[in-house]
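By written order: A, B, C and D. Residues from 1 in each chain.
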Amino acid sequence: MDARLLPTVDLDTIFRPRLAQLLNVEEMTAKEKLFTFQLKDGTPLGQDPGQFVEVSVFGIGEAPISVSSSPTRGDTFELCVRAVGNVTNALHRMAPGATVGIRGPFGQGFPVEEMRGRNVLFVAGGLGLVPLRSLIHAVLDMRQDFGAVTILYGTKNPSELLFRNELAQWEARDDVDYQVTVDVADESWRGNVGVITTLFRGLPVDPRNTVAVIVGPPVMYRFVIREVLGKGLPMGRILVSLERRMKCGVGKCGHCQINGVYVCQKGPVFTYSELRNLQEAI
Amino acid sequence: MPLKVIEKRDVEPLIRHLMERFQVVGIKKKDGKNTYGVIESPAELRLDSCATITSPKKYFFPQRETLLQFAVDGSWEPQAVVEAQPRIIFGMRPCDIAATWMLDMAFSEVNADANYLEKRKRALIIGVDCKEPCDEYCFCKSMGTLEVETGYDLFFTAADDTYIVRTGTPEGEALLGEWGKAREALYEDRVKLRAVQREKDERFKEALEFDVEELPRFLEDSYRSLLWDVLGEKCLSCGSCNLVCPTCYCFNVLDEVKLNLSEGERYRVWDSCQLEGFAKVATGENFRERRGDRVRHRFFRKGKYMKEMFGRFGCVGCGRCTRACLVHINPIEVYNQLKGGE
Amino acid sequence: MKPKIAVFEFSSCEGCQLMFANLEAEILEVLGAVEIVNFREIMTEKGDDYQIAFVEGAITQESEIERLKKIREQAKVLVALGACAHLGGVNCMKNYQDQEEVRRYVYKERAEWFDTIPARPLSAVVPVDYAVPGCPIDKKELLEVTKSLLLGKKPSLPDYPVCVECKMAENICVFDKGMTCLGPVTRAGCATICPTFGNKCEGCRGLVDNPNVNSHKQVLQEHGLSVQGILNSFRMFEGYLEVAK
Amino acid sequence: MRDLSLSVHHITRVEGHANITVDVRKGEIKELKLEIVESPRFFEAMLRGRSWEDVAHITSRICGICAVGHTAASLRATEAAFDFVPSEQTVLLRKLIIDGETMQSHLLHVYFLVAPDLLGVGSVIPLAATHPEVVKRALRLKKLANDICYVVGGRAVHPISMVVGGFTRPPTAQELGGLRQRLVEAVPDLEATAELIKALPLPRFENPTEYLALKSQAEYAFYDGDIASTDGDVTPVKDYRQKIRETVVEHSTTKHVSGNRQSLMVGALARFNNNHEQLHPLAKKVARDLGLRAPCHNSFMISVAQVVEAVHAAEDAIMAIDELLGRGLKDEPIKVPVKAGSGVGAVEVPRGTLYHEYSYDSKGVISDSNLIIPTGQNMANIEFDLRAILPQILDKPKEEIAHTLEMVVRAYDPCISCSTHLLDVRFV
């Protein structure tokens, strides 16, 4: 290319994080903690529900983490993190007052505007509730703008349930149909047992006006999508959020690519009709 | 842009002149092969050699590059690091000029990458035309990169005792102007240039058995071909093909701290989609675990995805990946087999 | 509190410990960050209250097994230092011969004085937390592992082959020079030092996690290695892996 | 007359494991043994069936501290077996890297292993706080010595580019020029090292023995020469078995090596006693200043001889570099005529003369080998010294006796990793 056609760029690059302070840490389960952060420059994160950030623990590295909180709830933001790698383990060792770096928010979140006026069927498997929670909060905060709201949530066992307080609140609400299941019960468990697709039996879904939002592990997608298609939903109203190795977050490094698409740019939220052409997606 | 002429014997003084103001890099010998390196004396520069081990992309996108300096405890604002210096790349081949176009797109689309673009913008590219194919592995003619119209500041084509020089930018023209020894091309020079180009074109053969524009369709149709499994059995997953490729730009990002454990830097380093861990996420899931799937991904990137993203093929036909492949995975053969399996 | 470090050795050449001493430019800073309580090669004092044990050498005697277990009990983190500790290393070449005959060949009539068992890496005896591979270890990697441990970061070994670093260094491929090389299946991290100095990769850092060994054996054969030659190449440092299979 | 029972386990600050056992009854030495407790590694057995190309890379792994020496001896043995004469450039580069290893090993011994004894601390580590200038100088010099090995061989421990027939990658003129400048600039550091040793009180002790070293007409021998004895005889390297004999000693089940007498010494002091006239000028001056005069029969003076040799090696390295630069460095193709045969290679490594002997079949596969390591040759003489010094210190406290005996062992800078495959071992 003629070098004169190249864009002029800010030397304060796309790779420089903003500093954020850890305000609060809450233990969710044995493996997950919920972290509340605030950007040090005082600005709100400005995320759309479903977007992710790149979190730096300086000296350890950077990791993509989806934002769990809704932009409708104040200037702080929350990240629910499972300790699996170096960065997330380092986060788990942090105490309030510590500083991290934040880049983003990145990616395409959930199309909240297009969802307005429709029924919403949330399906969360395991950690899938983490990104989904940002959208659930947004929808509940604008409850009057949406039709029927159904939340289906499944985990392997009861000890893995996240956001227990909130689950109880959803359960108590009259304007939300909340159902939960576990693959394997323990003595205390009184609820449904079975994989998440068992919740679909007899589930009322109006195919003309419902958006299904599904987030979970890769294996769950195939089965749950089959269920919602069976309910007559068009592919364009089935939304999923994909997990990939979004190393740079800015569409360069190539790690998150599925077929011809960079997940950090076109995703992580996709409609099922988009995914149909991406053989590597699920 | 004007056409100029330089006597071959004046090239050495030209390089000497350029070395006074710029770092000049070009093709040098290394253990009997060619690599791009900094020219210490004009005699080192080999304008007639090609087929370098890796491409000159390392001058815009180095193997390892610092992106950030930080305090481990976040006590000061992390500082972005962008290093660039004025530089002339003397002797870039048409295929590498075409590859640079691809990188320009990749690093300026959506999120402009200052680390690449600063280096790129401060470099002047002096292209040198090929006379004949490097070897049986290059297939630039089939990929449409045998000739380049833009992407250089100057472009040299050898003709008898002269180089006929196309100027691609005002900067290139100014470079020659201030040196002062290039003359305007005459009518005879234009005729000569056309003759040289014609002869060159004849010496390069088509390697693909089909029009390359059909390649994305062939690929799409063979997504589930057994060929990928066959190649996967052979592939060593050593990453060499990506690392020598002039258009590959995937990278990894890592932190390194100083021994005082209080400050450090973040850097990026070349990566390869053929390596097993490339698409692995923190939870351990590997989204491209099978070797054959990774091989397919590379060919799809070169022959389809990049074309869809940027409008041109990700492969420029330089043949470096084939030369570097110990198990003889050769895109010419792969693409022709895809066609045969139609 | 500076973490306390101890250095031990088993059957080895002690070259990896020497690489500690060879950290000439950095050793003073390292000593500022850690406290070395036991390092027989360079110090008289012996402390047993260490948290991190760097252990060099393979296990080749029954008595070494017990000593290693004691070290493992004390150490919070046990790091295998170098090819002998990490893979068994050159010591495992003898595993492919009759052990009794080996003793007789070297020690003749006094063979019975020499207790020996087939050589094995530390991990065949006790759990090993991390390894600094190589014969000898690479100074930079030793520093990286040390820093990672101090930062509470899991030291990560590259899971890609030497070819990656070799291509980045723009070396001429060893095969193009008429030699053979284990680089395509050997774990990188050495800055491809042997090919850079004109030699071949002998595989001292062990194989990558999922090497395509079958394909690489064909490559070696194609470049003139006999079956025995291929076995010999892999058995120079990686003999134990073969036994383990 | 006192009784003394003493056992020093795992002598520290030596490479490898060694124990001293002493049993004295009524002032009479009933038992005195230096035992090696390093596990045997069976290199001779492992070499069988390996190709000539791999042999030096395997034998290098015998010892991390004199890896260059093992490599050089190995290459010389293989080349002797193939009747191959390497180029002059190759020989010069090998001499240069041996200079580097000699410097690095001697300096490591003097600064890291001997100096703490003489300054009354347990290791070099506390010296970093009390004597920072000493430690920094030691690190500077050691780095220079190692850098010679890096530049010439690619690595200080287990060199890479030294192979049968030559070098896979000769250093560049620029690299050698850089080393030369640093070597010249290191002279004050070397002189300061001599001053340090001069200030240290070395025990007086006389115990004459036979001193063996390679000897050459051309130079102070490290790479080439015949086996010379201070008893006056000279033996060609290929006949080494006639000069060095293994003998069974009555009090011990350990086989020891001897020449003309019950024991012999190799290493820095043995080389000095044989070849002192061929030292380079600054080394000669340092020897004079430090009171080292041939013949010297005080084993504690080995450390002094090491300092003298470190200086000599630095001067020698400068000369080798000058000659290499004067000739111009060439990429020499390596062509080795493989054939059946046997060969012996001997070089002087920091601790003494190292012998490798190999037999090859016609394909260059090794069928038989014999390796004789300096520390193995010195073992009998260490015991000989221990026996001589013990009666002189018997009235001292037990700790001091143990310390002195350890110092005798350490003076030899024994490299036990090397010798374990050769020396017999008895377990206590």
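As a working rule, a contact is a pair of C-beta atoms (placed from the backbone, for glycine too) under 8 Å apart; a residue touches a chain by one contact, two chains touch by 3 or more.
In this text the structure is predicted, and so the values were computed from the model without any measurement.
Trainee: Work out which chains are contact partners of both chain C and chain D.
Mentor: Shared contacts of chain C and chain D: no chain.
Trainee: What is the shortest path, in steps, from chain A to chain D when you may only step between chains that touch?
Mentor: Steps on the shortest route: 2.
Trainee: Is the number of contacting C-beta pairs greater for B-C or for A-C?
Mentor: B-C
Trainee: Quick check for the class: compute each chain's Cα centroid; which one is farthest from the centroid of chain D?
Mentor: Comparing chain centres, A lies farthest from chain D.
Trainee: In terms of Cα-based centroids, which chain occupies the most central position?
Mentor: Minimum centroid-to-centroid distance belongs to C.
Trainee: Need the CA-centroid distance for the pair chain B / chain D, whole Å please.
Mentor: 52
Trainee: Report, in whole Å, the distance between the mean C-alpha point of chain B and the mean C-alpha point of chain C.
Mentor: 37
Trainee: On a C-alpha centroid basis, what's the spacing between chain A and chain C, in Å?
Mentor: 43
Trainee: Please report how many Å separate the Cα centroid of chain A from that of chain B, as a whole number.
Mentor: Distance between chain centres, rounded to whole Å: 38 Å.
Trainee: Could you pull out the residues of chain D that touch at least 2 other chains?
Mentor: None at all.
Trainee: For chain A, which residues are shared contacts with two or more other chains?
Mentor: In chain A, the residues touching two or more other chains are 59-60.
Trainee: Chain C: which residues touch two or more other chains?
Mentor: Only 151, 198 qualify.
Trainee: Hey, which chains are touching each other here?
Mentor: Result for touching pairs of chains: A-B, A-C, B-C, C-D.
Trainee: Mind pulling up the chain C residues that touch chain A in the complex?
Mentor: It comes out as residues 151-154, 156.
Trainee: Could you please specify the touching residues of chain B with respect to chain C in the complex?
Mentor: Within the complex, chain B contacts chain C at residues 30-33, 35, 53-54, 63-64, 72, 233-240, 243-244, 256-257, 259-261, 270, 272, 275-277, 291, 324, 326-327.
Trainee: Mind pulling up the chain C residues that touch chain D in the complex?
Mentor: Against chain D, the touching part of chain C is residues 10-19, 21-22, 24-25, 27-28, 31, 36, 39-46, 60-61, 64, 89-91, 93-94, 97, 101-103, 105-107, 110, 113-116, 135-136, 193-194, 196-199, 202, 228-229, 232, 236.
Trainee: Hey, which residues of chain A end up touching chain B in the complex?
Mentor: Within the complex, chain A contacts chain B at residues 1-4, 6-7, 9-17, 19, 56, 58-63, 82, 84-85, 87-88, 98-101, 217-218, 243-245, 247-248, 250-255, 257-260, 265, 279-280.
Trainee: Could you list, by residue number, the parts of chain D that touch chain C in their complex?
Mentor: On the chain D side, the touching residues are 10, 12-16, 38-46, 48-51, 54, 57-58, 61-65, 67, 108, 112-113, 116, 122-125, 128, 135-136, 139-140, 142-143, 146, 153-158, 160-161, 163, 167-169, 253, 255, 417, 421, 424-427.
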